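One chain, subunit A, appears in both complexes that follow, with subunit B as partner in the first and subunit C in the second.
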Partner chain A sequence: MTDTLSTTRQASIERTQRIRAGLRRRHMGETIFRGLGLAAIVLALGFVALLFVDVVRKGIPAFTQSNLHLAVNFDPELLQVDPAPTRTAFASQAEYNAASLKWQRDVAMLNWNKVVEASLRTAAPADIEIDSRQILSIAETDARHDIREMFVADPSLLGRTVEVEVLASANAANWIKGNINRSLGDAQQQLSAPARALIDTFVEDGTISNGFAWSIFTNVDSRAAPASAGLLGAFVGTLWMMLIVIILAVPIGVAAAVYLEEFAPRSRLTDLIEVNINNLAAVPSIVFGLLGAAVFINYMHLPISAPLVGGLVLTLMTLPTIIIATRGALQGVSPALRQAALGMGASRTQMVFHHVLPVTFPSILTATIIGVAQALGETAPLLLIGMKAFVASVPLTPLDQATALPVQIYLWQGNENRNFFEPRTAAAIMVLLAVMILLNGVAIYLRSRLEKRA
Partner chain B sequence: MNALIVAGLLLVLLGVAYQSGWSRSRGLVTADGVKIHSRPQYHGSFVAIWAMVPTLVILGLWAWFGGGITRDYTVSLIPTDIMMSLDQVGLNAAIARIGALASGYGVTGESPAWEQAAGDALRSFQMLTFVGVLVLALVAGGAALVYARSRINARLRARNAVERVVNLALLACSAVAILTTVGIVASLVSEAFRFFTFIHPFDFFFGTVWNPNNAGSAGNWGSYGLLPLLSGTLMITAIAMLVAVPVGLMAAIYLSQYAPAQLRAVAKPMIEILAGIPTIVFGFFALVTVGPFLRDLGNLVGLSINATSALTAGIVMGIMIIPFVSSLSDDILNQVPRTLRDGAYGLGATQSETIRNVLLPAALPGIVGAFLLAVSRAIGETMIVVLAAGNAPVLRGNPFEPVATITVSIVNQLTGDTDFTGPQSLVGFALGLTLFVITLGLNIVALYIVRRFREQYE
Partner chain C sequence: MDMVAGKVKMTQQSVKSAMNPTDMLERPIRLTARDVTVHYGAKQALHGISIDIPDRAVTSFIGPSGCGKSTFLRCINRMNDTIEGAKVGGTIKLDGEDIYDPSLDVVELRARIGMVFQKPNPFPKSIYENVAYGPRIHGLARNKTDMDEIVVSSLRKAGLFEEVKDRLNEPGTGLSGGQQQRLCIARAIAVGPEVILMDEPCSALDPIATAIIEELIDELRENYTIVIVTHSMQQAARVSQKTAFFHLGNLIEEGVTEDIFTNPVNKQTQDYIMGRIG
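Up next, the complex of A and B:
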């Protein structure tokens, strides 16, 4: 009797131990699983942080530019040109215009590089030995255009000396910022040894100073003068496309959603439309680019590289997003509102347009902004409709050649002057992300404000 | 300029029509206190719609056929003796020159007398047709306006008529989705068929060499084998899934099951930020940061890893897809009924045991659907691969080497010039069609699975 009792107790103790051991194992498993989950979150957030830190760290230096302060002497020796024509000397406006144009052509034919070189030599120490190609490599190639334009605007400068600020060349900027390894041998440097020494002297005596790079925002893209390459053209191109997307995608998208959600009878046609929209939302963006190339450009002969075509392609891409989001918003409207409106004798259309849509306005607005922000960052379809062409002007109409911010990023990252354009690409990315964050911020702000009021 | 004039006149017509319908309707009300069927706004809209339809139809017809008529007229202006000497290219050039002379812009060099005369004639013709068509459209609109206005009376069911038009307009807007799909399928299929007249479909779908001869002519177009691109695409997709699925799924599990509310409120939008970042940014990140890092890491452990490789592109693409996987999984995990979980807890299971043995198996179909959607997204992704995969269309299995994908080759072959005459550019459409069919198939299967899963628990 006692025997069996002790074996039972024994067994019970063993079982307890087994359970305890098992529990410890299971709790260990629990902790590990939980840790894995946390690790996944940390990893995902780490990637966000890493990406932002990396882009910002690379991009910040590009927001400073090296400016050359030169005392430019408009030396009559170098600038042998007739005095600018004056209006009073001519009988008619047309004759004056013709003479003025001829004079401007003459001015353009002068060797302005000599003027730039002379002012660089004035700034340099007197005993320096450096040939003209080397010394000119310090200033950006468009310095001569800037100085020429000053002269055209004010011909009385001839013979005078003026303080002028021009950009240092991209290679000089690389050297100053340390974007290029300073200990590399002459063969691997883009600038000759005397030019590098002179740059250092200039930095010391203040001839070269660093300032905020307004050129990124105020200039268009440039190949000949990389240091002055800016985002203005791409930015305006993007604005045109966003305008087209907003004008087309928002009304059509909201109308389609309203129809499908409020009016559509359950029929094969509406089923087909619904399946279509769901599938279109998942079609790769590059396929929309193919559609644009084949239909808009090859078939309808719309101009290549134009924001109009880009905007149309992005509209088709954004439509499903807006439709799906708007339908979600419409589904969220309480049935009480609809029944109340119908009960008061409103027609279906009146119920939708006078009561349901105003209530969903904040959600539709948010969805629209988020959809537009998505379209803003799209690159691949634009490449296929020719928007990766080099465009050095601001598109004044949606039919002009243009590029877009993300495409400009793509173009800059492929530039051969890696040392200079890698920071500049990162800076362009910062601008793009800033615009997107701004848009999303506006969306969140508007939603919270409008919802509070409603 | 002309477009602005037309738009302005249309707006004026619209305003006048609305106003006249509205005021007539008000007149009815004040007349003898009769009850009118529709409110004045509907009468206004009724007249406005009547006035706009014929105007827009006429302008639309002219926009469609006007170009051809103008061209025919221009051709008729060219003297017959000169006409004989022109071939097709010369004819087009002559038409363009006459058009330039007529508009006064873009005229270069001297032009012979007949061109000047033709230019002047064309200018007056253009002026005449523009004004003529506009007047015709406005007169038609005005006539319709007067007719519609005369129909207004207290019993006119203007609201119903207007609502029918609104309904039709809404239907037309939702049909844009169908038109887009039709446009995609039609353009892809027709151009792909033109490609297959150059290259046999068998050589395309089963060819193992991708080497288009971009300067080639008939006889040596080069080889257009799909398999190297497909293998590159699949390799990168597989790597991306290896990154995205574990991280995304675990993140979703942690956020929906474990995380305290504050962490969830912060982490969820943070992860969604990843989804909003443009892919070109990920591409840049892969190219300048991840690629060199992997190469150095490889050197450290004695592996030769290329900076631009399937691995680089795959990892970064995986990072890009994490939020996609995690938000889809989150939705799906939340749809598993609470009773299942409570049952498991009641039996003494720990939280992780519940998740692993109850929640995940129950949610498996949905998660498979999410996985397929993520795969389809990875296959269609372009910019990361263009920048970071190295563009080496060679059939090989080493993820440390550069590869090329379907999307990269589309971008390379369609560089923006669009004379789709040779297989070099047409192949882009054959590749696009392949891509479209693959992603469409994946989506249909995935959406079907997800819907079945939802129905199961509803």
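Up next, the complex of A and C:
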């Protein structure tokens, strides 16, 4: 009896020892795994931080622009243009209109560069030796348009002198911001030696000053006047596409998911559809672009480069994401809720619309916003439907030619004026990231709000 | 603790005042089931159940887990229709009308035969909306005053009104388990059903809440035909007038509750009641 007891006890001690021996190894395994996990997170965050820091560091200079403050004299002798016709001088409205039109044409045909040059020479030291082309290279090429527009809008400026702020040229801005190696020889400089010297003088005497580059947000893209290139056109193009994606993808996606999940009979056909939808989500986006080019442009003859086509292509891309996410959310609804509704005598449709959808609404909303955000970051499919064209206007309808933010980044990234467009590209990336962060933030906010209410 | 004892005692008292067995047998029959079978895919869950369910009395289904009592209950309001691959055979008649007749709308049937589930499952809406939902979808209230009346009287009948009258607009999910279950009963009553099915309505509740619900069931029997599935033989003995014992998908024995518990005919019923199976 005692023997048995001691053997049992002996066995128990041995067992404990064996467990204890293994413990160290187990704990070590756990520590290693935790360490690896932590390292993975640190690494991932490090890369994200690197990306952000790099983009912001490069992009910040693009938010400053160099402005030229000029005293523009609308000298009648230089302009050689008659005063604008007045209505009272003509017998009929038609005659006046004709004279007006002729005057506007005359004004447009004038060499406004002469006015710009004169203004620059006024600002420059009197004894400077610099030719027309060289001195004009300091101001952005659209300065003459700005001044002309001022005059057309207010013909009474003739003979008067006004303070005008125009953009310095991209080359001048590069020189001022120090993007160009100042020790390079004349042959390797974009600007001539007298122009460079004059720029430095202008900076010293305050004729050129730096200001916040609102033009990035208020201007459309420009190639002739790179310093005035902005994102407005691309931004509006992206907004149009977002609108189209939301209008089309959300109702179609949610309806498809609800039908497949709640109403469709389980059959080989629905299984096939399910597999296809899942695979569709993994199709490379450029393939959707090809499809869009073939179907919407070649076959349906929708306009090329239009946000409508872009929106349709992105809708096709977003649909699988929304369908899969919505189905997931529907599957997560507790059977108890469904039974409660059905037990009360609700029809299937009533069950879905009164109970299941309201409960899943926050998840569907989040998935949708993230799906839309993803689509808006797409570039490849848009290239194939012509949205990489250079468009220097704001698309007023979804049928107008347009580009999109990511495509604008791609275009600027490839611009030959590297020194000037590298910061601009980074700035455009910052704007795109801001839009994405905003959308995701809205998703998070709405989700937490709606879930709290439920 | 005193309160618990009081509640339980009260329940027992009210049950004591139950009708006598012979009275029960003379009750008109509300539901008749004949040879009801259920298949889930290839598996047969019920083997030809035939039973009569009397009007305005409590009928309880007892038996070990997986015996088919819940499955049969769910046949009565066709909740099995919602389960994929479930096939129901045989006939079930409510007042002589076949409830599996293709011309009968299941929505109408479920308005006439309400159901209370095992786990309290109020909608994630306000207490008021929970009760108002049924009358609303069935178009039972003509206006807001009508609806208010239905909601209040249903909550009263479910013995919940006094506890929630100041917070009708608060979510029903914020109530305690027992209150939630009474809310579900109020929700079922609001539609004005003739039959109420209860699938183990107290299995997720504590003893106090259970006692309250049992008391409520006893009161409701005055106006409704109640069928209750229960795990607890004591509960069946306390609340029901008729008891049916299920085992392995078969109806082994049915009869007046007192007879089943004091004088079971079948050996299996005896074993179950004595605690030897289940």
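Convention: the second predicted complex is superposed on the first by the 403 of 454 C-alpha atoms of A that agree within 3 Å, B and C clash if a C-alpha of one lies under 4 Å from a C-alpha of the other, contacts with A are read in each partner's own complex, and residues count from 1 in each chain.
Just so it is clear, a contact is a pair of C-beta atoms (placed from the backbone, for glycine too) under 8 Å apart; a residue touches a chain by one contact, two chains touch by 3 or more.
It should be emphasised that the depicted structure is a prediction, and the values quoted were computed from it without experimental measurement.
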Exercise for review: Specify the outcome, clash or fit, for subunit B and subunit C once both structures are aligned onto subunit A.
Suggested key: fit
Check your understanding: Is A:39 contacted by the first partner subunit B, the second partner subunit C, both or neither?
Key -> first
Check your understanding: Between subunit B (first) and subunit C (second), which does A:354 come into contact with in this model arrangement: first, second, both, or neither?
Key -> second
Practice item. Scan A:26 for contacts with subunit B and subunit C and give back first, second, both or neither. Key: first
Check your understanding: Of the two partner chains, subunit B (first) and subunit C (second), which one does A:106 touch, if any: first, second, both, or neither?
Key -> neither
Practice item. Return the chain, subunit B or subunit C, that is in touch with more residues of subunit A. Key: B
Exercise for review: Quick one: classify A:287 as touching subunit B (first), subunit C (second), both or neither.
Suggested key: first
Exercise for review: Quick one: classify A:149 as touching subunit B (first), subunit C (second), both or neither.
Suggested key: neither
Review point. Touch check for A:451: first (subunit B), second (subunit C), both, or neither?
Key: neither
Review point. Once you lay one complex on the other using chain A, what is the shortest C-alpha distance from subunit B to subunit C, in Å?
Key: 6
Check your understanding: Residues on subunit A in contact with subunit B in one complex and with subunit C in the other?
Key -> 347
Practice item. Flag every residue of subunit C that touches subunit A in the complex, lowest number first. Key: 77, 79, 82, 84, 107-111, 114-115, 117, 119, 121-124, 133-134, 137-138, 184, 187-188, 191
Review point. For subunit A, which residues are in contact with subunit C within the complex?
Key: 266, 334, 336-347, 350, 354-355, 358-359, 454
Check your understanding: Which residues of subunit B touch subunit A in the complex?
Key -> 159, 163, 166-167, 169-171, 173-178, 180-181, 183-184, 187-188, 190-191, 246-251, 253-255, 257-259, 263, 267, 270-271, 273-274, 276-285, 287-289, 319, 322-323, 326, 350-353, 355-356, 373, 376-377, 379-383, 386-387, 407, 410-411, 414-418, 420, 428-429, 432, 435-436, 439-440, 443-444, 447
Practice item. Please name which positions on subunit A make contact with subunit B in the complex. Key: 26-27, 29-30, 33-34, 36-41, 43-45, 47-48, 51, 54-55, 58, 251-253, 255-260, 263-264, 270, 272-273, 276-280, 282-291, 293-295, 297-299, 304-305, 316, 319-320, 323, 347-349, 370, 373-374, 376-380, 383-389, 406, 409-410, 413, 422, 425-426, 429, 432-433, 436, 440
